[in-house]
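When the chains are written out, they are named A, B, C and D in that same order, and each has its own residue count from 1.
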Amino acid sequence: MLTLDFHPTGRHFLQIPGPSPVPDRILRAMSLPTIDHRGPEFALLGKRVLAGMQRIFQTKHPVVIYPASGTGAWEAALANTLSPGDAVLMYETGHFASLWNRMATRLGLQTEFLGLPGVEGWRRGVQADLIEKRLREDSQHRIKAVCVVHNETSTGATSDIKAVRKAIDAAKHPALLMVDSISGLASAEYRHDEWGVDVCVSGSQKGLMLPPGISFNALSPKALEVSKNAKLPKSFWAWDEMVEMNKTGYFPYTPNTNLLYGLAEACDMLLEEQQGGLDTVFARHQRWAEGVRAAVRAWGLEIQCADPSVYSPVLTGVVMPDGVDADKVRQLIYERFDLSLGTGLGKVKGRMFRIGHLGDCNDLTLVAALGGCEMGLKLSGVKLAGSGVQAAMDHFASHASAVPLKKAA
Amino acid sequence: MLTLDFHPTGRHFLQIPGPSPVPDRILRAMSLPTIDHRGPEFALLGKRVLAGMQRIFQTKHPVVIYPASGTGAWEAALANTLSPGDAVLMYETGHFASLWNRMATRLGLQTEFLGLPGVEGWRRGVQADLIEKRLREDSQHRIKAVCVVHNETSTGATSDIKAVRKAIDAAKHPALLMVDSISGLASAEYRHDEWGVDVCVSGSQKGLMLPPGISFNALSPKALEVSKNAKLPKSFWAWDEMVEMNKTGYFPYTPNTNLLYGLAEACDMLLEEQQGGLDTVFARHQRWAEGVRAAVRAWGLEIQCADPSVYSPVLTGVVMPDGVDADKVRQLIYERFDLSLGTGLGKVKGRMFRIGHLGDCNDLTLVAALGGCEMGLKLSGVKLAGSGVQAAMDHFASHASAVPLKKAA
Amino acid sequence: MLTLDFHPTGRHFLQIPGPSPVPDRILRAMSLPTIDHRGPEFALLGKRVLAGMQRIFQTKHPVVIYPASGTGAWEAALANTLSPGDAVLMYETGHFASLWNRMATRLGLQTEFLGLPGVEGWRRGVQADLIEKRLREDSQHRIKAVCVVHNETSTGATSDIKAVRKAIDAAKHPALLMVDSISGLASAEYRHDEWGVDVCVSGSQKGLMLPPGISFNALSPKALEVSKNAKLPKSFWAWDEMVEMNKTGYFPYTPNTNLLYGLAEACDMLLEEQQGGLDTVFARHQRWAEGVRAAVRAWGLEIQCADPSVYSPVLTGVVMPDGVDADKVRQLIYERFDLSLGTGLGKVKGRMFRIGHLGDCNDLTLVAALGGCEMGLKLSGVKLAGSGVQAAMDHFASHASAVPLKKAA
Amino acid sequence: MLTLDFHPTGRHFLQIPGPSPVPDRILRAMSLPTIDHRGPEFALLGKRVLAGMQRIFQTKHPVVIYPASGTGAWEAALANTLSPGDAVLMYETGHFASLWNRMATRLGLQTEFLGLPGVEGWRRGVQADLIEKRLREDSQHRIKAVCVVHNETSTGATSDIKAVRKAIDAAKHPALLMVDSISGLASAEYRHDEWGVDVCVSGSQKGLMLPPGISFNALSPKALEVSKNAKLPKSFWAWDEMVEMNKTGYFPYTPNTNLLYGLAEACDMLLEEQQGGLDTVFARHQRWAEGVRAAVRAWGLEIQCADPSVYSPVLTGVVMPDGVDADKVRQLIYERFDLSLGTGLGKVKGRMFRIGHLGDCNDLTLVAALGGCEMGLKLSGVKLAGSGVQAAMDHFASHASAVPLKKAA
């Protein structure tokens, strides 16, 4: 029997910005027996998750569900809309934007990687004016798509997608707007149709609270139209057969049935009307994020995201004082307090760590996580201005949740 | 499908002094398919759990496993050793001692309920000298058994069982020593043979980290001998057929197979040699208890147990200032922070609440629980002298665990 | 990690007359986190299972749920209604009737064990006329209770409980009617109020499809009244505090919460209106039983129950030809075909084996079980007249189920 | 809570040629909490499954594990080794060979689809002589790869991979040998290195007994070398970063952690030495297949595979008499007996159905499945020559398993 037993007692605190902790309800749903994906039962499941995901993306147009992890859905977005050598404008918000850019290059696209210089761009969201300016220069409309990360998992900054849409429209440019909301969806507000996004890429292991292994493309009619003439080779990722066959609740090739069970359960949990649905989900992530940032400020440490207007509701990057190796702090916290934190990635490796505050959490989960950070920082010799745990508790105690527990009858 | 959905998001913190949180490993083990309890496989399971429980009770003599919750094992201890009208000396340490006393009376025994006056006895462990004195007076040896609670779940005081043994011996009295260690076993040190206990009663839902539904009698040769002539009617609880049939790994009537799967897993977890076995288990409960008491002291609140030499490693009773209803504080904490605390019972109803720090916990679980208490106390208007969470974190940070997490290879 | 790995591949076929196979839905329900049995959520669970069990017993009067296996509920029925030395008339239908009789004797009751001579009584249900005759002789009403097994698990004969009620009434005798329906409830028709039963004893691991560990007493107002003056010592089993406290959904001592989760799920499954509720449950057990008996007849073997009017819908006893050791046949079948069958008990040890056809089964489960029996019988050298599997398939193919699978939309 | 409740009682029999029934051990393993795929624990898991899969493919060279279903691994095999416009020789064994051929075309490859005319090729395995002949004609070595399906899931015929290797070598042709063993691996014998395969494609939901969602490429050094110059765009599927990063046990992008838990468990089950490892696995599939074919013959029906030397150990295609719609038979069996069978695909749609006999089965599972088929065929009006169930039972009874159940101590 499988044992991965690093944990002498109690439950590990998984406070990385994804995978987020998977609720027992979802693990239980995933343990239903696998069924015939060509049998009569499956159609009900298929229709249910496809409809659920439309509500979560807030779109009336097709959502494609891939039996593959999120990186695959990045590739799908590009392969279905672009042709070899096409120019793509990608915006550098951090490490994941860089990886998407790198993928586009590997696939034979001509990418232009726009952004603020140095680490500066890694501390803010998208600068829509830069995009507008660049698109205006592209009078021949060589640029076929603008790619932006909605919630940059490596930094804890969100990007104003509406502003990008406005920039594209202001430039009267026909480029598609493609958005990565892998770590944003179902935690940070996202409105596919209203915001005018053409392709949105997402994944299962963040706000949807599933294990990794499912990913998504939410489409616009324009993206579907463009896809008919896109020339990048594709088969597994091809939208056409998917969208067609999904009308019946089935998939053109074997879907990952047991993760779809989990997805059906996740949709139920997130959309639950008595709990207030997605608005409540968004509100509780904001609440947690504010509590965590209160803690970081009380410690006297810097938050990676330098623009308060785009603080991420999903994660917070905590910058270490000079001379402190963030990964050594993380390791101490892991080994001593059974708490996983996110590492600094790419340009900020070793300079910061990331606290995930998403998915199946509550106030006390975050008090615990901040407690682990505070003890670990002190043990690592970092001088703290004050108690972050105290600041977070003050925040949580003075702000009631939107949805309290039920009371006894 | 069953839903008991009081919890909008995240995991409930169950910090009552039992049932304690059941580890996933145990829930998974309990989900093995039920087998024929007369088939060849079962004998292996039976022998395994019987041997495991001997190691946990630290006895070489028989342990009887009942497919019944702990209250049943209380009755079993009395019914197997006593006859109608027998005199029993019971010691009042708190609510559970009182309930056991009440049961003995219902069963037709003449109980004498010894203890300090008023609430005083509920703040300390057993006073062995009182027992010795009483036994010396009983020159005709009318008293057939002395019953003591090892870890009084209602107060958070332990009792010195060795001292009671010494008292009985000093009085040269033949009474049996019967001990309730329902909430002590596998959390607080307990040594059945070495301490000279005749019958020890325990249950599954505390240190053993199982759901409720299994209970135990650990026996001494003297208890077995005495049982041959005990006249209280008994059949389900009768030791004779159990002890005989257990030799083959089977049970005289249907055992609760799936909880035995969980028990086998619990024994593996508790006795795991690389983790240090029971000594490590005891050490970590002491560590947690000290952290929690540091918090209570920092708040400026009183600990229910007034004798530091017998503080419970399992739970801590927190006394409210005059005029504060402990149950209202508990309710607020439950509804606002998704944290269950133990109520005050019997004589201390409404005066105190209890924090469980046992079983499948770790430092951060307790930081979270103390955070919930601290926020809830403040919101209830209780003036606190300082931050208990801070005090507990100081304790945990300055005392390394005996068994840290594994390091990466 | 627990392994009890006797099974190289595939799923074991557990076709004993209980424990019956536990459905995944129930195992999943049992894996919900244990909650505080004094907290606000628990009351909902408690009320739900208490109401569900009333519907399953078909009674408007209290049902007591014990956190103990079925043997305990036998003891509870006796201890709550009788006083030391009371006379009890027990009827011998087989091994389990004998064990209940033995228990009554151990508890100090004067039992009279009525029945047909030799093995004859083990091949039929209760003979109500013998009971009536005996009660008429008891003009002084020394007999306080009549105890009958509804579905004798050791033989596969049911007893006509209405006839016993009629016999008692005809004799104008005030004795209580106590029934063991441990293996009958939720498989064979049982109507507590309509049939005029005073105490019905049942358990979890048969028709209720749970693991063992919960048991029941369904009461009549008369039984409750009588219990007030019954003198057998009792505390754990005492109805009074249970019935009182259950009104609020709570229990006087720790219930076995996780099995109650399973019980709630079982009630949902059994009472499901779209499926037809209990009537459908009873019908499908009759259907399976008929298929299995068709097989036994086709083999040319004898059915243990000699009276077709009381064939059990739950199990069928298959009598071996002279000279064949039924347990050797069972062992071969177990080791070769991964199928558990029930052993012959008591007077018929080695003479017969028992096929369970209850709970979470379907037609193909039984085709498989009968296939295993047929192959095993042949390999054991038993001459068979014809193919039992064929006969059962003929039966199943020519009789459609009451509730077919859903069709695709 | 998710319900897909088509099944009134008992367990559905999933006897399609994949997904195969997922053992409880694997479902339990999959329910372990998701961990940080960049944390120290993960490396142990990664190394373990990578090593396990090498043993299952019987290779010393890298195995790539994709967090995607099997169709993706087809694409990966092509995308890593070929350039736009490359010629590929694909052999038509049935529907899945046709789908792979279609994918290759979509990806911009020039495929040649070799095979016997009409349905004839769908009743046999590969004809290696045709391949050799074609390769000899290709004196300029325009053909870059030969693609063959090892176990054609749509027909129940295997292909002799060694013969194809021999044919390629005999033609002195440098084309890569690429094999789809999606439904063959871990059921039918497969020896990657010994057979000289360059790329083998497989998936999780067949012999590996997992839910769908993981797929594999097993590589040869030659394939790795060729991949360096292959020009089809690729990123998600690219071997280079995978193979490099897998050396440390990690993956370049998020793996599907919970399915990897299941995979680790599956490797343990399949490679278990006391059970005889893969040889026993292969032997039991042969045993089941022979039993099923004995049944089909007894019914007087035709087996889809016309060449006994390549009968599949995984599934058997059952051809319907003229005028019988195989899908109506399947539907009746599904709705009446809760048994899923595989539909006829492509050229044989409606002409045949497929019985899966793979993975977590045993003799009685197949007796049940054949019983369901036999009853359903009769109810559909198909005249049967004799009892297939009987024939299968005769086979199973006269051939002992390689690994019997354990005996009691």
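Throughout what follows, contacts are C-beta pairs under 8 Å (C-beta built on N, C-alpha and C of every residue); 3 or more make two chains touch, one makes a residue touch a chain.
No experiment lies behind these values; they were computed from the predicted model shown.
Looking at chain A and chain D, the chains that touch each of them are B, C.
Of all chains, the one whose mean C-alpha position sits at the greatest distance from that of chain A is C. Averaged C-alpha coordinates give centres for chain C and chain D that are 45 Å from one another. Chain A and chain C have CA centres that are 53 Å apart.
Counting only residues that touch two or more partner chains, chain D has 1-2, 6, 11, 21, 24, 28, 31-33, 39-41, 44, 334, 406-407. Within the complex, the chain D residues that touch chain A are 1-2, 4, 6, 11-12, 14, 16, 19, 21-22, 25, 27-41, 44-45, 66-72, 74-75, 79, 84, 103, 106-108, 203, 205, 211-213, 232-236, 238, 253-259, 261, 264-265, 268, 334, 340, 343.
In the complex of the two chains, the chain C residues touching chain A come out as 1-3, 24, 28, 31-33, 40-41, 43-44, 406-409.
For chain B in complex with chain A, the touching residues are 5-11, 13, 21, 23-24, 275, 280, 284, 334-339, 360-365, 367-369, 371-372, 374-375, 378-379, 387, 389-390, 393, 396-397, 400-401, 403-407.
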